[in-house]
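Since the structure comes first, as structure tokens, the remarks are kept for the end.
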Amino acid sequence: MGLLDKEFSDGNIVIAKVDDLFNWARLSSVWQLGFGLACCAIEMMATSMSHYDFDRFGVIPRNTPRQADAIIISGTVTLKMALRIKRLYEQMPDPKYIISMGSCANCGGPYWEHGYHVLKGIDRVIPVDVYVPGCPPRPEALLEGLLKLQEKIRNESLRKKSA
Amino acid sequence: MKSAEEIFDILKKKFGDAVLSLDKDTPVEQIISIDPLKINLISKYLRENPELQFDSLMCLSGVDDANGIKVKDAEGNEIIEGGTLSVYYNLHSVSLKHKITLKVSTPRNDPQIESLEKIWKSANWHEREAFDLIGIKFLNHPDLRRILMPYDWDEFTEEISRHPLRKDYKNPEFYQGMKVPY
Amino acid sequence: MYQYFYDLTGNTIIATLIVAVFPLVNVLLVALIGVYLERKVSAWIQDRIGPNRTGPLGLFQTVADFLKMLQKEDATSTEIDSKLYNIAPVLVFTGSFAAYAAIPFSSKLIGSEADVGIFYVLAISSLVVGGILMAGWASNNKYSMLGAMRSAAQIISYEIPTAIIVLSIVMFTGTLSLDKISDMQTASFWNWNIFGGAELGLTKFLMIPFMFIGFLIIFISTLAEVNRTPFDIPEAESELVAGYFTEYCGMKWAMFMLSEYGNMFAVSAIVSILFFGGYHSPIGYLGNSIGVEWLIPFEQAFWFLAKGWFFILVQMWLRWTLPRLRVDQLMSLCWKYLIPYAFVNLIIIGIISLL
Amino acid sequence: MALKTEHMVLNMGPQHPSTHGVLRLELEIEGELVNKVTPHLGYLHRCFEKHAEAMQYNQVVPYTDRLDYLASIGNNFGYALAVEKLMGIQVPERVEYIRVIMAELQRIASHLVAIGSNGADIGALTPFLYLFRDREHILSIIEETCGARMLYNYIWIGGLSHDIHPDFVRKTKEFVNYFKPTIVELDNLLSFNKIFIERTANIGILPVDTAINFGASGPTLRGSGIKFDLRRDDPYSIYDRFDFEIPVGKGLMGTVGDCWDRYNVRIREMEQSLRIIEQAVDNIPEGDVQSAIPKRIKPPKGTVYKRVENPRGELGYFIISDGTVNPFRVKVRAPSFVNLEVLGELCKGNLVADIIAILGSIDIVLGEVDR
Amino acid sequence: MNQYFKNTWLGIYTVLVGMKITFKHLFTPAVTIQYPEVKLKLPERERNRLYVNMDDCIGCDQCSRACPVNCIEIETVKSITGEDLGTTSNGKKKALWVTKFNIDFAKCCYCQLCVFPCPTDCIYMTDVFEFSEYDRNNLVYKFATLTEEEASEKKLNFEKFTAEKEAQKAEAAAKQKDEQKPAS
């Protein structure tokens, strides 16, 4: 975590306040890795477009994993792609978050039964914070997933890092 | 515009035994069966003959006919032995606007078909796909690699899970440490 | 300004600090407000709303971004050239920040009243190229490398038309000092260089179209120097992922952004000094009319900032309108169009000012 | 004497902002000059064909949605036509009309994304957002009728899943009126912008004979100046009743078959789609949209190849039936898959930035390329 | 040379045209729907989360068979004579205890194919789409109204019942045999 690499053993008022401030900063500027996989990517794009406007939440797409805070796994992850996603995830600096968007990323979705080349859920490769159901999820559903993620970040603490 | 019968007659006259039969039984499409090792000559003729001018290969589909005998192998998997694999070619002429379907069948245990890459460039990836998913070898293809499945699929899987669109395909348990079945 | 604060405080250290801090604060503010405005302007142009959930109207969005970047891990690849990698953002920032030393914010607020002001600014801003090349090389990433090479070629080429136009202004005004150039355009907007300068007469009217062309050329070429669309090819998002700062994260990346916005303001300031009267008000001063002498420097600072921000807004407006050029077209625009036009313009301005 | 230089290999993708998904391009570059492009596919291979073999005929329809997810209706349409041809089903007039209107609406929606992302690749982000805004109108019209935004499962074998919503006709007409001026605005903002023209004209020229030999179809083929549209040349459904033109590339800004021509063909096609919609929307006959849906879908033994003009080109379904309720083999001739093959030919000797422009002008959807 | 000036002019002119358009858009009101505060009214045919009205479900398994994804799991136990399960709202008599009715929304593809075959219209799609979860297991929705104890009880009951019936049958068969024996 850059400057704040020391863990604090027990909480005090100052840390609690700093916690709140830093959590607020993190949750209000979740920059996504601009990276689409399949059908859901179009809905993800639609979410950043005028009608739903991801930017209102401070989410902007960054193309390089180094500057991103969250990956939205938007679509079917194939076995060929899974290794690349893992690498992208590893390239991201902490703290980092994953939103699994849509049935395919959640557990293989419609392809879970006969999909010989589909990874059955991205959580087999990288840890997932929020699962957004839908095939594809409406843009509002993705926004709701983001709000859920923000809720999760709000309850994080310097003392116990989740990432 | 030429019908399938006319084209069949032209081909039969020219190539004789290499053109096997005209299948009229199917409800909507008539199919001309061809010898797999002569398909490149016939295709070339089809493209260059001014009466036919099949300048475009619309579709090339590899099919596992699954017409062999089903047997159990040592591990209890049901595999198919014998029979054929087929490839269907859907040709189309942009200038003359007629269509034809060709079919070649090749034995399952040693599937070999002449490549059409030299004649229609679009055959290149279609043939790679048929090689990848069905396991048909296209002779004289310039770049016969897997196209959709990972290049290293063979290293992690057994013989039976090489070509997923074969009817006796069995999912491998793991690929590069990732569990494949649900 | 240094002298002014030295007289005021009587202490060299404090005076130096104040003089140095003011531009720094300005750069930080430009970045903070600039990023926010950029997002808002893009949103308005695109029929969106833009950030509005972080603080009132989303005003704290950039603050949150900044705080978040503080917390980010400094993740780097193992293959980097770590010395160069770490120096590069500092160098880039230094380059863009050092230019502020010679920029007059008002008649009192000026870091150094050097007689070679504009010359110094042109020279020191070239330092950025070194930083960018370092960043591209040290990252050990092909995209970074390509971006850095593009950037070096671009910045160096576009310095030529900029310099020629600056030369024509210098020729016209007869001084290299930014302060003096601004001072010549005082009293009314009619006296701005773009309207042919302060001297009335035939030359003034002959000058107007050529000054306008000069302004267009320097605006375009400075746009290219700060890598803004349509000349953002070094960081071309859809081609080179993020260009020379692909491998940078957290605060080091923030330094690049800071310098980008600092540069944006710096070139806007230069353009407004050369053509739009610098810190001088277009309509006269309130301080003069009500007789409050100390108000004038503040008014001047206000007008200066207003002009600077206006050009930043135009840059943003352009960015969200235009596609980007290709690298060879960028070069041909510079060498085949801007430089010949600038040369002809220089000669004509020279002839007119001899009249 | 020339210096010996080494080529640099640049991997573009699978995560790259402008490969339209998860395509990986291996570029062999010399400075910025590209010598060779090798596309690597399969990062989105979702095993459609295997699934189709395991499903019943009507259950395949939701999977066809997910092939070309920007033009789901077109995919449903092709599949339904193929099975109908196999079974010899004649669908009611009303169904035909609704299918055509829906397919044309979807064509516009799909072209909007194609044009927008082509512009966005070149750096113009704002038109992209405007076009997505307009696309949203189409989505809401279709959503009202069939309940989903993107993957509709709307055209079934022998009919439709729902009759149109009562507001459908009114809203479609409203959309047509709304959309015409926005095409003009798009033209002014992007198509005739000098920078955009510089970036796309004379880039990636595709000669006609190469295009045909590579099997290219759709706007990619028509951009090369040949009037070939399946709606006209191999009419299906009721397209032969409508009056529309086939826009082709004319080399207006450069050479015939360059990126700008392909881009322009798409815009002009949207205008023609509006024309078809205008003609069709007033003439929808009454009827029951589900009357022709067979109770049990069990086609006779046989093979069928049916092709339709999807926004990206010729979408063909090759279906082999063995007389059971499950298809024996479904092969999709995906237009993007075939069109993408041209890329290697087009990119030789261009700059890295041109690759992006060319790829955008071919307009691929990875779901369809990899299936 | 002419071309040169034409290019210059075109460059400047088209840029200005573009800038005019974007300038107009600066002042057009935004089309954004501010999601958590403003929610669109979704059309009535909206296809989102499925809902099963268990009062009407007769456990016929048709939805499960229609599902292309196999995300619906149904287990039923036959009722024994004497048990009254009631009728559905359209008058069908229920004959099966539905002990398990799970829909895995992580797998579901929202295609609506399960809705059409239902004889009692008890499974339908709602407009609820906001059900993101931190844990994937929470996306498996259990619609069966019977608790686990009840379910196992029903199972036991049925087993007992069948066992009794078997016994009765066996007895009857034995009796028949007995009756047949003297006759032969």
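Residue numbering begins at 1 within each chain, and the chains themselves are lettered A, B, C, D and E in the order written.
Everything below uses one rule, namely that a residue touches a chain if its C-beta (ideal position, glycine included) is under 8 Å from a C-beta of that chain, and two chains touch if they have at least 3 such contacts.
Bear in mind that the values here come from a model prediction, so they are computed numbers and not experimental data.
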Inset, instruction - List every chain that touches both chain A and chain E. - result: C, D
Inset, instruction - Please flag the chain sitting at the greatest distance from chain D, going by CA centroids. - result: C
Inset, instruction - Going by C-alpha centroids, which chain is farthest from chain E? Tell me that one. - result: C
Legend entry - Where chain A and chain C are represented by their mean Cα positions, the distance between them in whole Å: 36
Legend entry - Between chain B and chain C, centroid-to-centroid distance (C-alpha), Å: 63
Inset, instruction - Report, in whole Å, the distance between the mean C-alpha point of chain A and the mean C-alpha point of chain B. - result: 43
Legend entry - Sites on chain E at which at least two other chains make contact: 7, 15, 18, 21-22, 25, 30-32, 34, 68, 109-110
Inset, instruction - Could you list the positions in chain A whose residues touch two or more of the other chains? - result: 49-51, 53, 56, 63, 80, 107-108, 110, 112-113, 116-117, 135, 138
Legend entry - chain C, residues touching no fewer than two other chains: 43, 45-49, 52, 237, 241, 320-322
Inset, instruction - Check the chains against each other and report every pair that touches. - result: A-B, A-C, A-D, A-E, B-D, C-D, C-E, D-E
Inset, instruction - Please give the residue numbers of chain D that touch chain C in the complex, ascending. - result: 8, 10, 16-18, 32, 119-126, 129-130, 133, 189-190, 193, 195-196, 198-199, 351-354, 356
Inset, instruction - Using the touch rule from the top, collect the residues of chain C that touch chain E in their complex. - result: 41, 43-49, 52, 216, 317-318, 320-322, 337, 341
Inset, instruction - Flag every residue of chain D that touches chain B in the complex, lowest number first. - result: 41-42, 45, 47, 49-50, 53, 85-86, 88, 210, 212-215, 226, 228, 233-234, 300-305, 307, 314, 316, 318, 320, 328-329, 331, 333, 337-338, 341, 370-371
Inset, instruction - Enumerate the contact residues on chain A facing chain D in the complex. - result: 33-39, 41-43, 45-46, 49-51, 61, 63, 65, 75-76, 78, 80-81, 84, 88, 110-111, 113-118, 135-136, 138
Inset, instruction - Note which residues of chain E are touching chain A in the complex, please. - result: 30-36, 39-40, 48-49, 68-70, 104-110, 129-136, 139
